[in-house]
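Here's the structure we're looking at; comments come further down.
The chains carry the letters A, B, C and D, assigned in the order they are written, with residues numbered from 1 in each.
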């Protein structure tokens, strides 16, 4: 059956997803018209500052906003069925089975009162009609798989008795125990230190290969994206501002915000005179986002656009110079040129040479 | 009023009213009460209300209610009053455990009684003369037998007094000076003899009114621990133990022989005593005519909040004038009221009507014109108060105040026994009147601490409240206890003389003369003379005489507010119907 | 664990000692003379002195406290008068250990008074506790789950209004109308299980318990609601939903368990407080419990009883504290007792 | 209210987690305070109760003046308007309602009920507010100090809290009332500047305040301590330490501003609790006595007139309930506004 998906059309396609929260202070447009596709065994990285709508969109895919005040519209087609059309019950049955989520900060994401094993087994029991014993066996197997030492002893520990990395592994075990087709990993490594990060990411990739599952990895760390993702989706103020194959986007970013993100990543093997250019200003209010291009208040290249389009009209998400697969949301006429001549020398001097 | 007030106030004991005015008239008043004859059997209830019984020990009892009830149900003494509402009959002692009402010699300095030989304690033991002697002796154990009217014995009984003002006999527990007592109180077979220091003409009445000379069982005496122990010699005995705050149940005493007892009808099979219910609860139940309350009687007065519902009650309602008088006392130690003029100003300014209205109106009180209750023989309207209008005389008050030496406006502090909404209302009513006359009154309500405060001779109040009823029908049990500075005022306390009034040699002489007079009628008029003098000095300002407004259960028979029980329900005659 | 409990108990005892001293000091400083009260009105200075002596009020502060403390362990005699021991031993009341003192006004040892009144207060406390926990927590949870709906607002509103009326007000109304005038239930009169059996006992407790429960329920509804709402917004609840667990499981297994933990603490301590007698409720319904005893003892400055009660009630609270903490550790694995 | 020993315990305020990046937290531009204000204003119920509370406060402030200038006469007698044969209930319908006495008269003395109720606010609210202030003051100071310095100090305060909490409040209230009030009036009033305490009303009031705050502070201290612990490690405190700020400055300039939210909420919820506490105390005979009116002593008298004078019975009860509810709702509103997480 997996083949069937990979053949006709993508496994997951999100079309014009809108998530709005009515609050006492007005409507918060957390996600506004987001679209992307994802095939089996593929990974997409969703990047953006906190509050750019990454997490919100992904929980929308899981249907976690159901029963809350959130207004969700658009289409989320997973393996041929539109998740938004499903009844709450049908959605619940898919949750954790076909789509599962790996949360950041597993300490708060795991229930402090129940043992790790208990919580993982629970996820298995709810979707499989098996005995507690079988579930426990399965849990052990998963813990083993995610690389928890002596799982048979740790299975009855409580989350607070685990180390950060261990907890994250346990989370992953919980997410994968029903080998779901789609895994959403929400900042899976932010809480961890670098070495552990690497391990977790490797683990995720191995598992992906094993189960041939699709992964949405949410992060603000382009390093993670570079390592994991086939495609990358840059989000700003609830909208996709750049979307394309990872390599492409990272080498030829078309949108000043992406430049900003790139420039604010300390380049691991890069040389020391690489300047860190933070993005000036704060993330915009989602209550009343800026007119035109939501990024314009922080955009240094605004001047280069005639008739202050940036402030007046919202740019479409259109293919740039890099072909149809790579779209961007920006008024700049020739971002490539600008990037090569102005930005690159600043942030990655060494790259100039080989050019 | 005093009775229902806080702890010590209650110690003032009911008088034997020679006349309890049965106020006839509309809305079901029927003075005596439901006269229908009761039949034996059934269970009756007595509601003690919020004022718990403090002692069942006969030598320690000093509260009218408890003296009455115990006397009607389980305690008998040498003499007692018959259950009668007749002003004379109801207040003349008749033989009870004695064969006669006592014979006096040496003009009332020696009293002899003969104990019946056919009367028993609840355990079947015969009641002996020694039991009476022992009972009397307990009054002298002043560290254990506390709270009773022992003072009378200390004053009269022929036992020398030590330096500390206490008798040299220390009671049957310490036994110090036992021989002194045995000389004063002696048994000869069944005949007991009491020897006095000075004549005591109305000694039998004191026995019938109080219980301090009841017999007691030496072999069952646990001193302080006997406080709630009841050794019955009457028709009922305590079933189980008495629980303070809850009450107890009384059942028939098989060793009581009706033939020996002309007073107690003992109709119900049991008497349940309930403590702790508020007036509201008790009276709501009486009116609702449901549940056990139908078999209930109480000593608590009907709160004014119920007056508008008296019609509902119909025949269950009774109303009689009580033997108590309430008054205010100017403090003779206060800078303001050491001046007679200021006291007179206060006298004229006092508005009895306002005070009465605040307390429930003419149904609750009737104006008083002396500290002595009209029911006490020899009562006379005190000239000093008789002709002032009940709502005061502002003009004279202002005039007197003008001559008052105190700086104007005359600031005074009225310390009273507060704590109940009614008492607070009455106080503010009084304040309003005084202020109208030109005083500037500060109200100082005290609840539990009231007496411990005002009894301090150095207390800084200017006026205070007081209430009293005669112990037995003699002004001798009203004026000396209240105004004889010699027996009241000590360095640490002013006793009952809250106003710290000191009559000086003149008044002291008058009192002694009245005491010395053995002819009761002559004595009465002498007492009236003393009262007049008190009026001139404005030692007190009379307010009102409490009127008893009662309801009782609808299944109660033979209910009657007898003079013999100070206007309270006489349990001797009460029965219940099915 | 055991070590912890023992340590806490020791701390508790120390606390009690301090308490008793503070209490003694407070009453010792009081300008009111208890002997005066015990002695009565027509009481000469000499008589008062004797009374004070027989009650032990003539000693200095430390001597009095010392005697008290000694009494707790070995008991004491009242009055402690060697002469009387010879002439009339039967008049000496012995107060066996643990002796909290002897009440002259009530001519009974404080321990007996407590034995007598404790069951009443305990009964009211237990029944009321049942009412308000079941009622309060249940309604609170409902309100939280139905947040924003009419039910929610209704419940919160109601609890507020009930909370706004003082206990005595509600109690008096219940007594006057429900019991006496409409006669729906008999006028409450405490009946021990021994007499009335469970049903008699329960029905005799109905009104007082309700009166008391209403008061606490109001608080508990709102508290529970707040806690549940808080835990519903926790990450682990989101995780549970992400797992695809049914709503029921999410709510009851994951959300409530965490939410109710603090309630347990609250309830434990409140209950302890109540065992000491709900003074107002007991006075309104004339229930002879610890509370009523306290009121009575207060009207005649019966110091031994007052002090005894304070110590007793304090020990309730202290013990409850320990139990609650232990319980907490049992419920919440993160809490380590040490 | 709880009076109660722990009869008051039941109404501890739910702990306030500081609002993390919840949805509303994302909203930039306006300060948290402004946001809270906006939210509060948006909530009708809170606003209504806010106005009611304001009215109550107004009454409390205005009454003494109105009494002075003779508009109100809380203890003037009108016994002529009473039916003294029926125990002194007012003539006329609804407890003697008339133009001159819009809410009727009190039985017995016929005082003007409107005046009394209005003037009672001055005392009841006065007691509640002073009590709350002192409670919060003690709680905050001890809370901050113990939370901040930790170690020995923290432990000591902790024990102190235990000691306070293990005292049976209502019992102590009863047992200490009479002696303490005597003490205040006789001895304390001897002290310089304290002469006014000879006045029984002030003495009684002071006693209630003392009891309320003496037993009320521990919860506040705990809440504050918790807050302090949570912010103690934050950078700005470190910074302040580094620039060598004095302890006092640290406590009150740096820490206090960051724990004000829970304190505010707690305060607004304490006031109504203390108002009904005063009423409960009055029932036990503790507190300011008539003719000086307080909600408590009015209610205490009115409850016994259920049948005889229903108007007089109901009005005080309703006024008390209304006041308490209003203040509570304001408190709730404040909490919801400051902490969107527990939002309705």
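List of remarks:
Heads up, the rule we're going with is that contacts are C-beta pairs under 8 Å (C-beta built on N, C-alpha and C of every residue); 3 or more make two chains touch, one makes a residue touch a chain.
These numbers were taken from a predicted model, which means no experiment stands behind them.
Note on interfaces B-C and A-C: more C-beta pairs are in contact across B-C. For chain D, the chain whose average C-alpha position is most distant is A.
Distance between chain B and chain C, defined via averaged C-alpha coordinates, is recorded as 39 Å. Our note on geometry: chain A versus chain B, Cα centroid distance of 92 Å, whole angstroms.
Centre-to-centre separation between chain A and chain C, using Cα means, comes to 56 Å. One simple way to say how far apart two chains are is to compare their mean CA positions; for chain C and chain D this gives 24 Å.
Residue numbers of chain D whose C-beta contacts span two or more other chains: 178-179, 182. Contact with two or more other chains is made by residues 32, 172, 176, 298, 301 of chain C.
All chain pairs that count as touching, in label order, are A-C, A-D, B-C, B-D, C-D.
On the side of chain B, the complex with chain D involves touching residues 280, 303-309, 353-354, 357-364, 418-419, 421-422, 424-425, 427-429, 431-432, 442-449, 453.
Per the touch definition, chain C reaches chain A in the complex via residues 234-236, 238-247, 249, 254, 257-258, 331-334. Against chain C, in their complex, chain A makes its touches with residues 59, 62, 64, 67, 92-97, 100-101, 103, 105, 108-113, 119, 122-123, 126-127, 158, 160, 174. Within the complex formed with chain C, the chain D residues making contact are 1-7, 9-12, 14-15, 17, 22, 159, 162-163, 165-168, 170-172, 174-176, 178-180, 182-183, 186-187, 272, 276, 279-280, 283-284, 299, 303, 306, 317, 320-325, 328-329, 332, 341-342, 344.
Contacts from chain D toward chain A in the complex involve residues 21, 23-24, 26-29, 35, 38-39, 42-43, 340, 343.
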